[in-house]
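Contents: one structure, followed by commentary.
Labels run A, B, C and D following the written order; every chain starts at residue 1.
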Amino acid sequence: MSTDDLVSLRRDLHRKPEPAWCEFYTTARIVTELEKRVDLDELHVGPDAIAGDHRMAVPDDSELAVWLERAREAGADEAVLERLEGGHTGAVAVLERGEGPTVGLRVDIDALPRRESDDPDHAPAAGGFRSEHEGAMHACGHDAHATIGIGVLERIAESNFQGTLKVFFQPAEEVVGGGKSMAESEHITDVDSLLAIHIGLDHPTGEIVAGIDGFLAVKHLEIEFSGESAHAGGHPEQGRNAVQAMATAVQNLYGIPRHNDGKTRINAGVVEGGSAANIIPDEARILAEVRGETTELMNYMDRKARHIVRNAANMHGCDVEFSTGAEAPSATSDQELVDIVADVAGRTEGVSSVLERDELGGSEDATFLMQAVQDNGGNACYVGIGTDHPGGHHSATFDVDEESLQHGVDVLTGAVEQISRD
Amino acid sequence: MSTDDLVSLRRDLHRKPEPAWCEFYTTARIVTELEKRVDLDELHVGPDAIAGDHRMAVPDDSELAVWLERAREAGADEAVLERLEGGHTGAVAVLERGEGPTVGLRVDIDALPRRESDDPDHAPAAGGFRSEHEGAMHACGHDAHATIGIGVLERIAESNFQGTLKVFFQPAEEVVGGGKSMAESEHITDVDSLLAIHIGLDHPTGEIVAGIDGFLAVKHLEIEFSGESAHAGGHPEQGRNAVQAMATAVQNLYGIPRHNDGKTRINAGVVEGGSAANIIPDEARILAEVRGETTELMNYMDRKARHIVRNAANMHGCDVEFSTGAEAPSATSDQELVDIVADVAGRTEGVSSVLERDELGGSEDATFLMQAVQDNGGNACYVGIGTDHPGGHHSATFDVDEESLQHGVDVLTGAVEQISRD
Amino acid sequence: MSTDDLVSLRRDLHRKPEPAWCEFYTTARIVTELEKRVDLDELHVGPDAIAGDHRMAVPDDSELAVWLERAREAGADEAVLERLEGGHTGAVAVLERGEGPTVGLRVDIDALPRRESDDPDHAPAAGGFRSEHEGAMHACGHDAHATIGIGVLERIAESNFQGTLKVFFQPAEEVVGGGKSMAESEHITDVDSLLAIHIGLDHPTGEIVAGIDGFLAVKHLEIEFSGESAHAGGHPEQGRNAVQAMATAVQNLYGIPRHNDGKTRINAGVVEGGSAANIIPDEARILAEVRGETTELMNYMDRKARHIVRNAANMHGCDVEFSTGAEAPSATSDQELVDIVADVAGRTEGVSSVLERDELGGSEDATFLMQAVQDNGGNACYVGIGTDHPGGHHSATFDVDEESLQHGVDVLTGAVEQISRD
Amino acid sequence: MSTDDLVSLRRDLHRKPEPAWCEFYTTARIVTELEKRVDLDELHVGPDAIAGDHRMAVPDDSELAVWLERAREAGADEAVLERLEGGHTGAVAVLERGEGPTVGLRVDIDALPRRESDDPDHAPAAGGFRSEHEGAMHACGHDAHATIGIGVLERIAESNFQGTLKVFFQPAEEVVGGGKSMAESEHITDVDSLLAIHIGLDHPTGEIVAGIDGFLAVKHLEIEFSGESAHAGGHPEQGRNAVQAMATAVQNLYGIPRHNDGKTRINAGVVEGGSAANIIPDEARILAEVRGETTELMNYMDRKARHIVRNAANMHGCDVEFSTGAEAPSATSDQELVDIVADVAGRTEGVSSVLERDELGGSEDATFLMQAVQDNGGNACYVGIGTDHPGGHHSATFDVDEESLQHGVDVLTGAVEQISRD
C-alpha cells in the first residue's frame, strides 16, 4: 500500500465510526480490502474470529440492528454482513510462510459514542472525512490501527518472512469488551510473540515507544437504582427518589480516598434517571468504571464504589442492582520484544526518537491477549506509535497526523521480520 | 352513552396512552366518537383548536413521528391524523342550543411517559386493557376525563339545554404545555362559565369536591451542562465533568430552604449525562420543575434553583444553559359555580359525599383557561370527581374505579344545565 | 414601674445575655428586682422553681462554671447564685390576693449563643447596652419578656386583683430545654388560666396578636459520627472519614422531601469534626433539629433524618450515635382567653391594631406548660406583643422598640385582671 | 545515655505531648537534659533558635497560655519557660570540636491534637506513660526524635569527632509551621551536611532507610464561610446557610479529579460551623490541606480547591475568605549522604536490613532546611529509622518499639562521624 492508500483507507474508516460490537461496516471493509490486496491463507470473520460467549458489554438487539442497517446503507459487502449477525464482529487474518515462529499483531477497530467536532480547524471537518455517523467518532485512532494492520499484512506478504503472521482485528476495545473474546479463541494459542499497538498517547509524530507498561486494571459497573415514583407536586413525601440516590452516589464515588499504593481511577461515565419533570424519579442508572495501577487497587476501588452505592440507595429508600460489566487486567511488555522494536525503530526512516519504555496510564484489553501469550510461554509487547494529535484522546478534536501511518507500518513490519529471524 | 359505552371508550384510550403533543390516536378517537354520537355545530381539530405558537414543551420531530406512526398502526382515522401534523393535537367541540350562556368544559387527554404495572393485581393488566405503548401510561386518569367530556356532550345534546357548550379536549397537561395554547385561542373568549375536572385526587368513589383551589404555580427548567471530556483513565485532570456538576446541582436543589410563606416544591425529574464509561462526561442535562403555593413562592424556587445550578456548573468548570420550559399560574374556583356544583352533586345518584372545597396541592394548566375566563369577567370552577385509586397519581398502579365515570357525566351535565338556568 | 424603669431593667438584662441554663445573673437580677419592688407571697428560685430531672440540653459543668463566674463578676447577688448551682436557673413568683382563679404568666429569660452586631446603626451598640458577653446575645427579646413579667407583677400587686398570680420566669427556651421542667413542677398544677407572651414576631409596635397558634413540634438530635483516623498524606485509604460522612448527611438532610400535609423543617445548626489538617477526621458531630406542623410531621422528619444519617455514616465506614435532645409539642390558644386578650388590647392605650389569631411558624416550649394547664381542665393562650425590630429574630441586629414594653405590661395586666373578673 | 535513659526520657516526653508552638514543657525538658548531660558550646533557645517572623500556623494567645500553664504545672524549668514567651519554642544545640565540617541534625518535637487510646493493649496505656494531656498525643514518634537528638549529641560529645555538630530541635512540624522558621534562622547558613530523621513509616524495627524522597509538597488552607443567620423554624428562607456551603465544598473537595502526573491529596481535616440548633448557621470553617508529588501538582489541587470553595460559598449566598496557611516544598536526599548512611547502618548492631531509598508519601517541613543547605552548596539526607508500630502514624494506637531508639542514636552518631571524616 502506498502512503496515499493508507491515508485513503484510514479516512474511509474515519467517516464510518462504529461503537463496540457494531463494527459491521468496519469489519466488512477490512475483509474486502484484505481480499483485494493480500493472498491470505486463512481469514476468520465474526463468530469464527472470536469466542462469542466471552464477549462483554454487547449492546441490545435494537442498537445492533440500527448499526447493521447503517453499514448496509454505507455500502458494506452484504455477504460479510451476514456473517456478523448478532454483533459478532472482528476478524483474524493468517499468513503462513513456511517454518518459523507464529507472530501475532493485534489492532483494535472500534470507535467511541461521541460527537466529532465540526470546527473548521478540525482536519477531518475541513478535509471532508468527518464522521458520517452523528454521535460516533474515531476519537482514539483505531481507524489508524486497522489501517496499519492491513498495511503490515500486505508488506509481510511481499517480504521473505519465514513463519506465520496472524493479525487480530479486535472489536470492542473501548468498552474493554472484546479482548477477552479474542484471547479465549483458538487463534491465540499458538502465538509465540504478540505485538499490540497504539497511536498517539501524547507522543509526537516520529517518536516510537518500544514497550508500554502501566496498564490500569479496569472494571465497568452497571448500577441500577429503583425507588418509587410519586406526584412531585402533590405528594413528594411518598416518593423514594432514585435520582437523589444517584446524585449522592456520584458525589461520593468521586470522593473515594486516593490510595498510597498507586494510581486509582473512578468515573461515573454515563448517568440517567427519571421519566418526567413532575414525577419523583423511581429509576436511575450509572455506568461507572474503576481502575487501579494493580488489580488490588482496582478491587479497592470496586469494593468502595459498591459500598458507597449501596448506602446511597438505601439512604433514599431505593434498591440497587449491579450488573457484571467488562473488565481487563494489567500487563507488562517483555524486554526481549522491547529490544527488537527499539532496534528496528532506530533504523526506520522518519523515526526521530525512540523511547524504550513509557507508561500508558490507561486501560486496554489487549492485556487479555498479552497474558494469554505470556501464560503459554510466549512473549508480548505493546508498542506506541507517536502522532501529533491536536485534541486529547477521546476528545471531540482528536485526530492523527497521517504521516505516522507509514511509521507504524514500517516499524511493525520490521519488528515482525526481526522476530522471525531471531 | 350507556355506562358500558363509557367504560369501553375509557379502556380503549387507556390502551393507547400518548404523551404530551403526541395525542394522535387519542384526538382521532375523540373526533370519530363525537362525529358518531353528537350532532355538533362546530368541531375544531388540532391547529384550529389551539394557538399553536403558544404550545410549550413540544417534543422534537423524530419523537412526534414515532407516535404518529403508532397511531396509524393502531387504526386511527387517517384524515384526522393529517390535520394534527407537527404535534398540533386536541380538539374543541361546540354545541349551540339557542340563547343562553356559553359554558366551557375543559378535559385533558394526554398520558405520562412511564411504564404501567403488569402485576396481575393491577386491574388493567388483569382486564386486558393495560397500556399497549410500553413506557407510556394513563397514570393520572385523563382517559377518564376525555370519556366524561364526550359523555357530557352527548347528554347535553339530548337535553333541553339553552345556550352554548364548548368542550375543550386539551393536550399536553402533564408537561403544563397545552393549557396556554387553548387559553390563547379564540374559543375561550366568549366563555362565560368554565368547568374543569379531575378524577381521583385521593377522594373515594362517590365523593365530589365542588371547588378545588390550592393550585401550585409551576415552571419547568431545562438545564444543559457542558464541560469537557477527557480520557477517564489517562487524563482525568483534563476533564471538566458535567456529571459532577449535575450531581452537585441535584443535591443542592433538593436542599433549597423551605419557605415560611407556603408550599414550595422542587424536582429533578429527568437527568442524564455522559457518553461512555471511560470518558469524563462533557454533557449532562436536568429537566427540573419548581412550584410554589403562589407565583412569588414559585419564583423564589426558580431564582434559587438557577443560582445553585450556575454555581454547580462553574464549580466544575462547566457552562450551563437554561431553556424556557413550560409554566402555569395559580387560580381559584369561584364561589358561584362552587355552589352550583355542590348543589347538583348533592342531588346526583351515586354521590355519597360532597366537599365544598379542597386543595389540589399540585399544578394544572387548566389555570390558564380559568384565568382567561375570569379576566374576561366570567367565572371558573375546578371540580373533583372522587374515584378509588389503588396506586397514587403518576404511579405504575394508578387506576380509576370505572363507576365514577357515570358520576362525572351526571354531575357535570347537571352543572352545565344549572348554569344555563341561573 | 415607670416606662423608664422598664427600659432600664431591659437594657441591664440585654447587656448580660446568658444562654440556656446559664441564666445566673439574669435569675439573680430578677430575684433582687422582685424583692425590691413587690411584696410577694412566695418566691421559688432555681431548684425550687423547676423539676430538675426534667431539664433538657443542660451544658456541661465547665461551661456552667464559666457563666457562673461571669455572673459573679457582673455583681449578681451571691446568695441567689448559691441557690442556682449546677444550672438550676429560673424562678416562680407568687402573689396571693384572696379568692379567685389562679392565673399563670410565663415569660422566658435566656439568650442565644450568637454575637451581637457592633454596627453603629444597631441601637444597643449606639446606646451603650450591647452585649457584654461576646458571643451571646438577647436576639429574641427575652430580656423584654422578663422585664414585662416583673412589670405585670408590680402592677397586679398594686391593683385590686382577686385571686392568685404566678409568674414563671422560665430558663432555657431557646434550646426547648426548660419548658418541660416547669410543666413538671408542682407550681403549674393549680393554674386555671395560663398566658404566655412573645414580643416581635414581625408584628409592628402597637399591634397585639390575641392568640397565637401554629407552633411547630420540634426535636433536637445530637449526632456523633466516629470513624478512623489516618495520615492524610501517607495513607488516606486507611481512614474512615467522619467529616465526609457528616457532609454527606448534611447535604441529604436538607434534601428530605417536603411533605404535603404541612410545614416541615430541618436544620444542621451546629457541626464540627476533625482534629488537624493532616489527619483524616475520625470524629464529627451534628446538632440538628427537625420540626413539623404536627407531631406526625415532626416524626416524619425525625425518621427520615435518622435514616439518612445512618446511611451516610455507614457509607464512609463510620459508626453513629444519636443522643436524646430536647423536644416540644404543638399547642393551640383557647378561644375564651383569646377573646379576653383581644378585648383588653382593644382598649389599651398605644395599641393601634389587634389581630385575633396568627401563626407562630416556629417552636416554643411554652407548649409544655399550655398542655399541662389544658390537660388539667384549664385554658391557655399565647399572646404576641408587636414591636418594630430592625433585624429578624436570632439575627445579629435584632432589637426591640422599647415603647412596646409598656404595651406588654398594660395588655397583660389588663388580661390578668379581666380573667379574675370573668 | 544508656538504653534505659533513652527509654525513660522518651516516656517522659510521651506523657507530655504538646501541639505545634506549644512545646513549652518539651523544650524546657530538652534544655535541662542537655545542660545536665552535654558540655555544649552554644544552646539557642526559643526566639534565639528560630526566625520568629517566619513561624506559620501559630495558635492564638489563649491557647498558648493554656499550654504554658500546663507546662508550668508539669514542673518545667521556669527560667526556660520565660524565654519561650508567645509560642517561640524549639532549640538549637551546638557542639564545636575543632576543624571540620558543620553537620546538622534536625529532629522535630511537637505532638498531635488527638486523643491517645486507653486500650490496655496499647503499650503506653498499659505501661503508665499514656498522654497526660487529654486530647493531645505523640502519635507520630517525635518524642523518639527528640530523644535520639539528645542521645546523638551526648555520644558525639564523647567521641573524637572533628568539626561542628548542630542539632535542630524543631517545633511545629505537624502543622508544617516550624521548618521555615529554622530554615530562615542564621543557624542553618553554615551547615555543610544536614541529616533529618523519622522513625517508623511502616518500616520494622531493625530496618534503616538511608535516603528518603517522595516528600509531598503541602499547603494548608483556612477557609471561612460567612452567610446570614435566620430563625430555622420561622424563616428558614431568610438564611444564607454557611454549613450547607461547607458541606457542599467538602463533598466536592474530595472529588477533585485525580491527576495523571502523580500523587495528589486533599483533606478537610477540621470543620466547624453554626451556633445553635434553631439558627440557620451563618458561619462555618474548614481547615484543609492539599498535597502533590510535585509543587505543580500541589498547586493544581490548591487552585481546584479554591475554585470549588468559592462556588460552594456563592451557591449558598455566602462570602468566603482564605487565610494563608502553612506550606512546605518537596525535596530529595543527596546520594553522597545516602551512601554514608547506608554504609554506617550496614555496620550497626541491631540493624538487620538497610534500604537505600524509599518514598515518604507524606509531607515534611524538614524540606525547608534541606533546601536551604542544598541552596548553599551543601548536601542533605532524610533517614528512616524502622520501628514496629502497632497503629498507623497519627492513629490513636501509634507507638514505637523502644529498641529502635538505640538504633537511631547509633546510626546517626556513626553517620555524623563518617561525614566529618570524608
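Following the convention adopted for this analysis, contacts are C-beta pairs under 8 Å (C-beta built on N, C-alpha and C of every residue); 3 or more make two chains touch, one makes a residue touch a chain.
Here the structure is a predicted model, which means the values were calculated and not measured.
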Which of A-B and A-C has more C-beta contact pairs: A-B
Furthest chain, CA centroid comparison against chain A: C
Superposition of chain C upon chain D: rotation angle, C-alpha, nearest 5 degrees: 180
Inter-centroid spacing, chain B versus chain A (mean Cα positions, whole Å): 46
Geometric centre distance via CA averages, chain C-chain A, whole Å: 66
Junction residues of chain B, two or more chains touched: 234-236, 241, 244, 248, 251-252, 254-255, 257-258, 260, 265, 280, 361
Of all residues in chain B, those that touch chain A in their complex: 112-114, 174-176, 201, 216, 218, 220, 228-236, 238, 241, 243-244, 246-248, 250-251, 254, 265, 267-281, 284, 287-289, 291, 325, 360-363, 392-396
Interface residues, chain A side, partner chain C - complex: 234-237, 239, 241, 244, 248, 251-252, 255, 257-261, 280, 300, 307-308, 311-312, 314-317
Residue ranges of chain A touching chain D (in the complex, touch as defined): 251-252, 254-255, 257-258, 260, 263-265, 361
